[in-house]
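Structures are listed in the sections that come next.
Shared between the two complexes below is subunit A, which pairs with subunit B and subunit C, respectively.
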Partner chain A sequence: MSLKDIIAPFSVWKRVFEKPYTNKKPIDTRPGAPRYRGFHVNDLDTCIGCGTCEEICQNVAIDMVPVRETRHGDSGLRPKMDYGRCCWCALCVDICPSGSLGMSNEYLWVDGDPEVFRFIPGHDEKSWNDSELGYRRAEGYDLLEGSRVPMPMLSVEESQKSFVEMVQGYSKEQAKAEADRCIACGICVATCPAHMQVPEYIKAIRDDDMVEGLRIVYQANPLPASCGRVCSHACEYVCAMKHKGEAISIRWLKRYIVDQIYLGEYSKILHECEPDNGKKVAIIGSGPGGLSAAYYLRLLGYAVTIYDANEKAGGMLRYGIPEYRLPYDQVEKDIEFIASLGVEFRQNARIGVDVDFLDIYGHNDAVFFSTGLSDPFGLDIAGEDLPGVVSGLDLLADVTHGKTPDIGSSVVVVGGGNVAMDAARTSRRYGAEVTILYRRREADMPADSEEIHEARGEGCEIVVQAIPLRIEKGTDTRLMLYWGKAEMVSDGPGKRPRPVLIEGSEEVIACDTVIPAIGQAADLTFLPQDIASRLVGKRGYVEVDEFHRTPVAKIYAGGDIANPKRDAISAIANGHSAAKGIDIYLGNFQD
Partner chain B sequence: MATERQERTIQEVKDSDPVCDGQAGLKFVHVGADQAVAYITRLRDVQGYTHLVFFTAIDYIEDSIFRLTYMVHNYASRQDLGVQVDIPRQGATMESIHHLWPHAATYQRELKEMFGIDFPGSPGVDDSFILEGWTGIPPMRREFDTKLYSEQTYFPRPGRVTHDTAAYMKEKLYPSEAETW
Partner chain C sequence: MVETVKYDPRSKFPPVDANSGKSVYNLLSGKYMKVWQGPQHPGITGNMSLELTVCGDEIIDCKTHVGYLHRGFEKLMERRRYIQCFPLVCRICVPEPDFNEYLFAEGTEELAGIEIPEKARWYRALTLEMARLASFLMWIGGQAAAFGMGTIGQWTVTMRDYVLDLFEELSGGRIYHMYIIPGGVRADLPAGFALRVEQTLAQIWKVLDDVELALMYNAVFKKRAMGLGVITPSIVDEYGITGPNARGSGIQRDIRKDNPYLVYDQLEFSIVTETGGDAYARTWVRLRETRQSIDLIRQMLEIMPTSGPFFQKLPNVLHWKIPGGQTYKKAECTRGEYGFFMVSDGTELPRRIYVRGPSYTHAVTLMEKLAVNVNIADTAGLMVSLHTYPPEIER
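Showing the complex of A and B:
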């Protein structure tokens, strides 16, 4: 050992009074770079709790935990980080569809308790919560595809010439590319009235497994060829990808699956019915509600008979929706499979006229009725009984029956819902000039925005804030429709503004036909008076519980008469719930 | 060494001025694997790109290639240039450039460990870089399942609970079995 080795430990003490080379803490803390990937921030109002951050995290560092109230389009869950595992790769930030997740440039956090390093960004009080600096997904850098694969469609110039289906359907490549956009978060499932397992059937498309896709679809929807075309697609309004651009084309992906499989193949793929259990259920109305109940009851082994007033089954799917949106052969594909299971259809059977309700009630173990809204509202103005005034529903039904409607060369449609758009576009196809009058603003129209867009594209003129006043006989044309302009009057915050006629304003349209399409009511006159009076509750709806049981024993109801959503998919969901309710009621239910 | 075609390529790249990741002036040129080292040598010795900034790879598993990127810098023109070279993933091997820049050997050792790309003749290329005792497939290769490795290697912290979005929303919004069965 040298002398230096002995002295060295003491010689370092002379440096005690020198300026240190290291940074002082905390006085000289260096801020992180402006785009430093530091501690997470999350805008809780923008976050929808889709869980994509958790899904992509390769370190399993993220849990989804309840923070907010759950509502449609927002699970209420928010990401909770485990900084014992996070590697600050920022994949969670890069993938976040809503763009709520980011990283501050804060990077110093010292604590003796390891548990505090699990935290909910944006929820737990942190000094960096409002940090503007730090890493955010760069503009133009996208791991997700925000744009839909465009759907091949007939041009509006072409489409208005015929009743050929406008939407032509995806090819395999297009469907797979569209399916690839889905992040499988499942937020849509709660909003679909039938709670279809959307991410699962989209996965089947990615896997090119149509057989599995059809099985998944039929678990909650026995009318997929129809729904794949005309569903009101509430799912798409809450799709997480909507925050990134356009929603996944869920409805048309479902259609893609169904279009790939011939009806003849269905029986090899789908469930077989259970053996007959000896019990009988009657269904009144062969619309989506009745067909759905029939399908699920038949699967459970019930003998099912459907009574329907029309010549053919399908209800509004067939008689209320024009062929360019929903071709009849697609409605038939859905119905024929249900019929092939042994469901008996009695068409042209009007209850109360051809068949007695009490007879059906007495001879069956349960009755489900889903008779829809068949009674169009009148305009309640002078002249509406003149020849040339025909309701939208009657016009559409006539066309389905193969009649050429007598509409002349100019038509005015009154209303802003889908029936109004269907009536207007159908009239265009018979060569008429079409004007649509609606009493509120275009933004208030209940019709789907694409329907409005296509109606206009096909040459229908849309006049908003217009209130019909009276109809008179015309000279050159069959009719004269007088209408007044409306102004929108506020009814207080949160309420829809009300149209009020501007006194003295009066316009006139010379036309051959006026088509009121302002809604419709239920026609329950087929029911005996004492039963009807016990069924109908507030606002004219039939009162039902969660299993769609009415206050009258053995009677179940669903569809538009019992459901304010008033669309096909809700009716399908009602039929499904009622089938389960009936099964429980009749004591056959096995969980 | 470099051909006329390659010189023109550089000129074209400068004129078309592609921009990567928000950094203006960052340019890339694509070169075949058989000519890459000759090309980079010319960049260093004739065109003033004397500094190797970094050397890395990206796994394009869909195309069955690794894309090598040599980032070089010209101090006189203050210009960065990325030289991209695609090599097959299967039996991935590339000519070494340690004779051009000695520190390239360190990058090549890293690429061997992380991607399994071999650089025959590169000093110490088979030595461990940071993954001492690693026996699995090179972890930067895309077929390496990071999540699975993470689940198998590290214990979950006690008390962690997560929720599936769809299942949680069912519980909150439509718990009745009448809605689904």
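Showing the complex of A and C:
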């Protein structure tokens, strides 16, 4: 103890003259820092209601509540915050795949009513709704992976020469890494026509449990080997991860599961059929719709017979899709399992020719038909009956039958759908120079974008806004295709622009073969006239209810003839719901 | 620095039982009285209670009671995914949350086999030193206020607020920063951050000068703190004493030196020690360590890398399964050794996370020993001189 110890403390007096440190509220306000984790903001238009914020919130402070209308890719739900629970960690902001959720730098909110502190950011009027400041996920920091694991593919040089499957499939590590990206929001489930439990089977891949994966897949889709390759994957268009970068490759993950299990193992894994219930169902057409209905009806114990006009079962899966996209053995795998359950296949049985429809109708308790669209549209121009004009479907069917198509060395494909791309790329594999004519813009092409991309990669030339005018006999080549340029004319807002021929423009392509692939119609001539007239409703579709029951008793229909989506997975979904409908109708339904 | 123990055993002190070593007294004799101190305290020692048996104004027995803050974090974490534990851990210690974040992240990374970028290591060390600084500034306030010198507390708590401003700017939160996340840190330094840090540090340095004058060379403080709560080197290991409490007794022990983590092996500093072992010596240790923190922050800002990533991509955190294993991670916080013992059983949820808060040994067992023979008016000062934060006693 010294004198200093007595005097030194008096030094505090010098601070008497200092300004106070505190803010004088309410005169002074102190805004939160630019990164401040304050009240939430949400851009309702960007938000897709995936619920990942709710999923990660460890305080259970977020509830997803209905705000918008549900549509594809948007659950219509939006997060509702409970500020009695929120701990302001901002993990919800970090994980938000659409990037809609953020936090403002506002931190003062005084109210006597505790209920108001549960609110829907962006929906409820708040002063901070448009705040630019506040916490956002920083550049360089991300809890989710936006890019897809690349799929091993055959090189273009190889693929354009062979019918070997282009997509080679994921390895275990690749599949697991891809499956790991999934946030299991389930938006895909809502969008899939068959409502496949996508997050569950992706989880099975993560857990390396293929048996469970196959079980989940077969709950809603009895053709997974085919669907895992050629599904139109509506799910991937709405995948929440697409908002971050690339969608999860749901289709290829499904394929991965199926590829891991031999057909011989299936019967040990999947449900056994219920005992025969003594009822008979006839199915006309062995495409995806028919096969799906057959599978689910057989599981329920029905005796199922499939009638099909072709040599082998599979419908468009076999005859409409080229081998390099869907190898025949994979179609075979799906069909063989269905056949192994005791479904009877009657191939080469054309209804109306080999078998009488009324005979089938009379001898079965119910009839389901999904005969698809087998009647190609013509080009409706002069010269389309010349030799060398062959429809895309016929060309693809010929190839499946093992015939070498007589296409010469140059081919023009007319159309922009998947059949057109298939026909073009098949022709390319036979060594022909291929030009694709399409009357609208490339963005309007109904074909999958990857198909268009790959077709071009393989050397097909794509000419858009081109309308075929007439076909004439050629001199050096078999044919001459005359075509005119089109301009896009708007029909008003919200409507698709229409291609209109520019008068006087005319160009010519010398070619050996012209392949029209501009769509196809249903061929219902096998039905007796009185039944057919009662079945067909507006726009040429067969009229069905939610269980795919037609206006005629005992007759159910599905697939492309009854479904404007016109893809395999919709047909599969139709077959499944028709099976349920038939089961209910025949009084065997057990919930 | 100090020569004698402040209080001599006096005649009224009850006899000590030879077997148990505890005082033997009869509460009904009228000579003794039970006093409950807490769970609200005059100082900033947090929510815990002392059950004191006093004779006159002298404590003859002390029992500590905790449980007022129990939130069950360790158990809660067993039911949460790893990423969901991240916002929880910081709450284990309110005034210095970053050590929880850091140790949890480090443990998770080690179990999962993740290597974080170099820049993230510097940012983590910077955050930890800033947290130490904030924690010390708050402690000075408590230590001074416990002996009736509230003014000093006002200065240093203001300074702490300026550090919190920096945290707010860096992480978006003042108290719970939630900045150190498994994989690295959540954001880069804001533009001009180093400059504002330096301004704040300079301001704090000046205030520390004033604090030294007003506190350390203060007859009142010296009179009351010297000889109070003497920790002899012999009990340091026996009682598991770490941090400034051990260093105040002349033990050279600092995890930053002994087992350097992050970037501490690239920084220049030495272990601060005092030999007195009493509250006064500990105050000196802490004051010097406050300056040491400032110095370390300056060093780091000077040599830390300015470019490169600050976050290593993790597997999808929503279903992140961490391979089975266990690890113990420790770091030197302002109170001593902070540790996280983590066990993973290979699932998405941690099997066990055990938090070693240094306050556990200091505030419970050590306090019970040191309180005996102390004047009742000095308990607040004694508790603060052990620098305890009850939230970390009750995880």
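The rule is simple: the second predicted complex is superposed on the first by the 569 of 591 C-alpha atoms of A that agree within 3 Å, B and C clash if a C-alpha of one lies under 4 Å from a C-alpha of the other, contacts with A are read in each partner's own complex, and residues count from 1 in each chain.
Going forward, a contact is a pair of C-beta atoms (placed from the backbone, for glycine too) under 8 Å apart; a residue touches a chain by one contact, two chains touch by 3 or more.
Since the model is a prediction, treat every value here as computed from it, not as a measurement.
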Partner chain(s) touched by A:E546 [first = subunit B, second = subunit C, both, neither]: first
First (subunit B), second (subunit C), both or neither touched by A:D63: first
Subunit B versus subunit C as contact partner of A:H72, first or second or both or neither: first
Contacts of A:C182 with subunit B and subunit C, given as first, second, both or neither: second
Partner chain(s) touched by A:E54 [first = subunit B, second = subunit C, both, neither]: first
Touched partner set for A:A138, first subunit B, second subunit C, both or neither: both
Partner chain in contact with A:S11 - subunit B first, subunit C second, else both or neither: second
Touching partner for A:G415 - first (subunit B), second (subunit C), both, neither: neither
Contacts of A:G575 with subunit B and subunit C, given as first, second, both or neither: neither
Subunit B and subunit C footprints on subunit A, overlapping residues: 58-59, 138, 141
List of subunit A residues in touch with subunit B within their complex: 49-51, 54, 57-60, 62-66, 70-72, 75-77, 82, 84-85, 118, 138, 141, 185-187, 189-190, 195, 199, 220, 546-548, 573, 576-577, 580-581
Contact set on subunit B toward subunit A in their complex: 21-22, 146-147, 150-151, 154, 156-157, 160-166, 168-170, 172-174, 176-181
Footprint of subunit A on subunit C - complex, ascending: 80-81, 83-88, 91, 151-152, 155, 158, 161, 165, 168-173, 176, 178, 184-188, 190, 210, 213-214, 217-220, 222-223, 309-311, 313-319
Contacting residues of subunit A [partner subunit C, same complex]: 1, 4-6, 8-9, 11-12, 15, 21, 32-37, 52, 55-56, 58-59, 87-91, 94-95, 103, 134-135, 138-145, 180-184, 203, 206
